[in-house]
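For reference, the structures are reproduced in the following blocks.
The following pair of complexes shares a single chain, chain A, combined with chain B in the former and chain C in the latter.
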Partner chain A sequence: MDHIKLIIILLYACLSIITGNGDRIKDMMFDGIDSSVPCYRRLNATHQIGCSSKRGGSTGVIHFCETIDDLQFILNSGTAGPYIPVLSTKIFSPDIVHNLSYSDKVSGLIVYTNEPVNFFSHDEKCPNNRFSVDGTCKNNGWNPWGTGLLYVDIPFPLFYVENENDTQKIKECFQTFNNFSFDTQKDRSLCSLELESFMFATTNTPTCQRRSNIVTNMNPVKLCDPLGDYNTWASLFPLVEGSDPNTKPINDFEYIIIAARSDTTSLFDKTTGAENPITSMVTLLSTAKLLKEMVGKWNNKIKKNILFILFTGETYDYIGSQRFLYDMELGLFPVDLPKNNTFLPIIYPENISLFIEISQLSYGKDVYVHYLEDNQKTVATFFNIMNSSTDSLFLHLVPNSLPPSSLHTFIRGNNSIQGMVITNHESEYINHYYNSFYDTSENIQYKYQNGSSIPNDSIQGNIGNIVTVLANSLYEEIIGTKYNGTATANLEMIDELFHCYLEDPSCKVHKAIRKVGMGGNILNLYIGVDIQDNILTDLIALTLAWFTGDLIEESGPNCTNIGKSHVFKYYNMSSNMDDLENKSCYRCTLNHTLAISPAFVIPDYDWSSNKYSSWSESAWRTIGVRIFLKPSPAHERSTIAIGSMIMVLAFVLTYFIKSRSNVLFPPEVFNDPPVNC
Partner chain B sequence: MDLSKMPNERKLYLSKWYFISGLAFLPFIWAVNAVWFFNEAFRKPEYAEQKQIRKYVICSAVGALLWLIGLVTWVTIFQINRASWGEFADSISFIIPLGTP
Partner chain C sequence: MTVTEFFGCAFLAFGPPFAMFIFTIAQDPVRVIILIAASFFWLLSLLLSSLLWFAVVPLRQYLIFGLIFSVIFQEVFRYIIYKILRKAENGLKKITDDSATLIDNKHILAYVSGLGFAIISGAFSLVNILADAVGPATMGLKAGNEMFFLTSSATTLCFILLHTFWGVIFFNGFDTKNKLQIGYVLVSHLLASCLTLLNRYHVYSASLIPLYAIVVLTGLYAFKVAGGSYNSFKNCISLK
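On to the complex of A and B.
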């Protein structure tokens, strides 16, 4: 018994010396690079694009490259391998990716920021060209800085490391273990990275959709999901007359669409989207707000109505607008009801007289209005109205020109719609960072003023001018007379909206419409997959609802959709963003339409027809970057040698113990004779 | 079952039934038959049933071999062409590997 007591005491003594923690050895060997963002794999009807690691992760020795020569050196004379080069965005280029694709010395790539770059856009020179009107992309293309890398199939994992501390961690480890006597590198213990971003889907969307739905498959896995979200729309005047629940549809409206896109993308899973699309979104929302203030209540003399629409997925071959037009042509917009129902008017493309798209805008007084010259009287008339209602902007008409925009979809539809695109460029983008994470507030020279007076020569002031011109012209277009009131764009609101989308989602506007803590992370403007809700869509929708809704009564429990005709939506929202506690009930015309490409909806859709966007995103299980110290080959060899020796020894020992077991266990002697037979 | 303790007619019966069950597309049973009764058929001193056992063993071995060749050929052809056959290949697969074309 004394022995057992002694053992227990010793055991406790050991435990008190070694502070117990539950980390497993395999986790203690690694250190996570948490600020890393991956490049995903996406697929369309014919190709796969983006990146994937090997199953279980790709590993390689870190090589921190300050210049191109560092990279070339390792490709030519690196002895240990494979390597994972770490490059700054300054030297990262499609040529490098192309060269590395053919090298077996590289198993992945890390990109980080150290100094500003002059241009960084990985979209095409002619974005969305295959789904645009033929011949609209000329010369250098709309996006002359575009490298097209976003649409390349990269055969190794690619990550962007956001945080400077993480970059420093990688660099220090490289300096300590790797960055000397490269000839003997292969014999040393080296600092390495493990990049894991294994993508399930391959080949193309039809293949991965088919494989996700095979009935004979014993291990059904969803390989890819269609890109998708919701378009947001609201009308200036309600589509019905009378008040809930006794409403009657107004069937003879002529509609003007004011559209903008609400999504962007990036080579990596991080978006900023200041110029594209936030400037357009803010302009659209502010125009809606100002126009609502100007026009007041509807009366039956007004025969024109406005639809404010924010299309999403436009970056990926116009997903949102394609679906919107598809629904409209089939008579499914705004709802799937018969043509002469008693709830809502059904709106067809024929009912749209003018389509105005707000595209990228920036600081600067020059505004360009693009349109295609095919008997476009309406456009010319509207341009003249705009031109006559401003002296603060220089408006230029650019005929026979159409930058990538949702309007392409509507022109290519069954009934070509007349329209124009308002933007800041004439023949090529001013934006040097189109669809990349460098399209930040600095790119549009935005500084948050937080309530103090906003200078006129700022982006806010400039957007304000455009909003005022647009709202005045639209007023004249729908009412028929010049606006003679005093309302102008609310610069403070524009300032606040930029702040919401670019810097802080828990801003005053979002508190006013939702009153919930959003956290500090900047909103992601990537469309995402259809099965995942996008918080940004909800926020934009509620903001649009707030701007175009009618304040009907004090807030209260009656402010709900329950027991109503569902023609309107009712929300309790603050009446003023500076007085959040003062709430009212808003009756809104806001609604959503699904933004999933018709290709995924039409039964037996012919993928080779290339009629609709076919983008999907691969599924994956784990994504991440970890740093670890790879043991030297000598160390590895000795480990396996010792292990093997111990195993052989154990066999031998067991054999001898077994063969001499009578020494340990004396043979049993039967004292009792067996029972008599 | 220990063959050495078995009467000869029992051995013949077993070998025969192993061969017949193998006809139901079960080449593995043929393989077992061929290996298990190899000693009986070829290496034991002659006895009355040996000739028949030998016949079943040879037939089983040849059958199993043909199956093996057939299967290896099919697996090779299928694995090489799986990606290019597209929809047809997917529809005759029970497991589709992730992340490969």
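On to the complex of A and C.
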């Protein structure tokens, strides 16, 4: 026993020693800029876009530019290159990036925010044009403020510094060490930056996929991953009748799709996406909730059903909708089962009678309904229903027009589907910050009301009006009669949903759907790569499940899918967001479908056909920005000179002493005392 | 980038001991073994010093406490290796090729073990710094200035030379029961170590100049102890 005790004590002693962390000189030499977000490299079938640093990081001398002239100054007469200019978003432009690409005096670029800008969008003027219906992007394009920089191959690393303190840190270092007597800059130590964002992939997706799959060793290196995530969908009525486990598929439904996108992007790894796509997502979720309250239970007289779908990856050439349609055309939706199976009805594109997409919305009473062909009766009929059920909105029908939307994919499919897009704009985006991190709550003038009464002329009120109109019209479309109940959009819920996505993921709704501990960082709406789960997708899915699910019993341990037919999903959730502890069991029709482009699924896909989206994102190992002091070349030279001189001198001296040691240290002469014989 | 700085500093600190190793140690395997053995004993002293520092929690932040005990431990272990070498002389006689010089001239063993102490202590004090010097950066962003690496290397060189000299004086002190020599080693070691405490004020000249004065003084003392004199020095020069 004593031995064991001793061993345990020794073990603890060892552990306590191991946990010690030494201070390194390094900590004094480098200072991390932690709030920096990089620009990644992405690839499609033909090109690479985005940025990458050198392997191990690109370094350069800081030059804090207040104006364009500061930048020109170092380009013309900087002596201590390469430099890393630090620019505000106000002066950052594609022209600058273009100019710097050809300069060997610049090895990277930092962007920071100091004042609001009027427009900031790096998507193209005609977003997703190559995968849209021909001729739908006219004149100035849908996004006239778009610079297209997101799709440019930038030959140096580019970072955005979010935190003002970090910007200040860079500025102070620049003032202390760099910002004087520029002629002698190269003779002194200079404050510099190291930008590390080395991207493994190059050239294009097929090349990178081929290189990733070379079987040269047991541990192949993955150079890039396809962009991918999950589309979320739920149906208004269950696709089956009866209750678990004795369900029967309902095969004669006609479907209306209500769709919205759930992703955005940005030049940097930071998204906000208030107007695009959060307004659309919130409208879709609220419509689903309101409609569920209106229609009640299904009876066999109802022959129409609604699919609520949130497509993801739409920013990158409609990844989600392309895959969705691909699955549908092959008979793989909702599940990969034979056509007349006993579990679920298989839904084909021809079962879809109408496609309604909710696109960007904002504060303002004008709502535009875009559709493509003149002779689309269904669309016209539905528009008339909508128009007749509102007096609070001004609905405008815009024929022969279709802004970038998932509907493009469905129109380009084998069976053209009739559909319309509901937006806030007629011929060009109202949003000045499309797909950028400036698309914040200020952009849509959203203010969290936190339970207090919501003014009707706010963004929440406006979205509420749209939701009410949409739900009323859909009710009439599927039931056949006008809705004469009193239910209207729940403005408080709309307020909460905006709060969840724009400000605080640990909000009441997310607590109600039993997802807690989300932390305070707003969620990233970038689609991400297929191997990494996106938290946001789960959150939206559960919210949609909560809104469209049937409350069947008290919550309890039986509320699971174990032992059931998997036609439904069962979740324990709060019945009300104001009373989180009161839980119930919800039976939901929610499900996911994979949103990875068919290009990565079809065997021997011909990349040059350009039929499907081919975006992939490069892999990387470390990302980071550090500030440090670069020694002057003069100092470096003197150090090596002193070192070498001392060493040579030491060699000469030691050899000299060694060869003459018998003279230098004469052996001791022992004066032996006379020997007594 | 500052790979140049790395090599400059490495040459400065480790050039002289490397030269001494090449010309005076490398030709005799027994000397190499003794050098390594001496280094090992210095490491043992470092282990004990660090254990003491680790155990006495309340005094951890006082550098001077660890410093003084570290000096004492080093000198204790110098005494231990002295004892062991003197005991091992008979054995060494049998295996070495030129027993005449190695054993008869007692200063050689003293010099070799001193250099062993020197090299390992130099390595331990500078390697961490050199490792960080390889990157693109130099000191001065948060504290210190760009002379930091150069002065660190110079200080290390200083201690490498001192350890070699101390070895010679210390061994002779015990051989001849000369308390002055033993005392000198202890006191100068303490003094030199305490001088490095001034480095925290980043006035490197304040520590470097006295340190090199001590090096010169100790060097001359060791020269005398090893049997050198002004006359022998003159002979050495003039024989050229």
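Criterion: the second predicted complex is superposed on the first by the 614 of 677 C-alpha atoms of A that agree within 3 Å, B and C clash if a C-alpha of one lies under 4 Å from a C-alpha of the other, contacts with A are read in each partner's own complex, and residues count from 1 in each chain.
Following the convention adopted for this analysis, contacts are C-beta pairs under 8 Å (C-beta built on N, C-alpha and C of every residue); 3 or more make two chains touch, one makes a residue touch a chain.
Not measured: the values here are computed from a predicted model.
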Partner chain in contact with A:C191 - chain B first, chain C second, else both or neither: second
First, second, both or neither for A:F30, with chain B first and chain C second: second
First, second, both or neither for A:V663, with chain B first and chain C second: second
Contact breadth on chain A, by residue count: chain C or chain B: C
Chain B versus chain C as contact partner of A:L330, first or second or both or neither: neither
Touching partner for A:A650 - first (chain B), second (chain C), both, neither: second
Which superposed partner A:L629 touches (first chain B, second chain C, both, neither): second
First, second, both or neither for A:T202, with chain B first and chain C second: first
Set of chain A residues, in rising order, touched by both chain B and chain C: none
Chain B residues within the chain A interface of the complex: 83, 86-87, 90-96, 98-101
Residue numbers on chain A that touch chain B, as the complex places them: 52, 55, 198-203, 207, 210-211, 214, 216-219, 221, 223
Touching residues on chain C, where the partner in the complex is chain A: 1-2, 4-5, 7-12, 15-16, 18-20, 22-24, 54, 105, 107, 128-129, 132, 135-144, 146, 149-150, 153, 157, 226-228, 232-233, 235-236, 239
Touch list for chain A against partner chain C, complex: 17, 24-26, 28-31, 59, 173, 189, 191-192, 194, 627-632, 635-637, 639-644, 646-648, 650-651, 653-655, 658, 660, 663-668
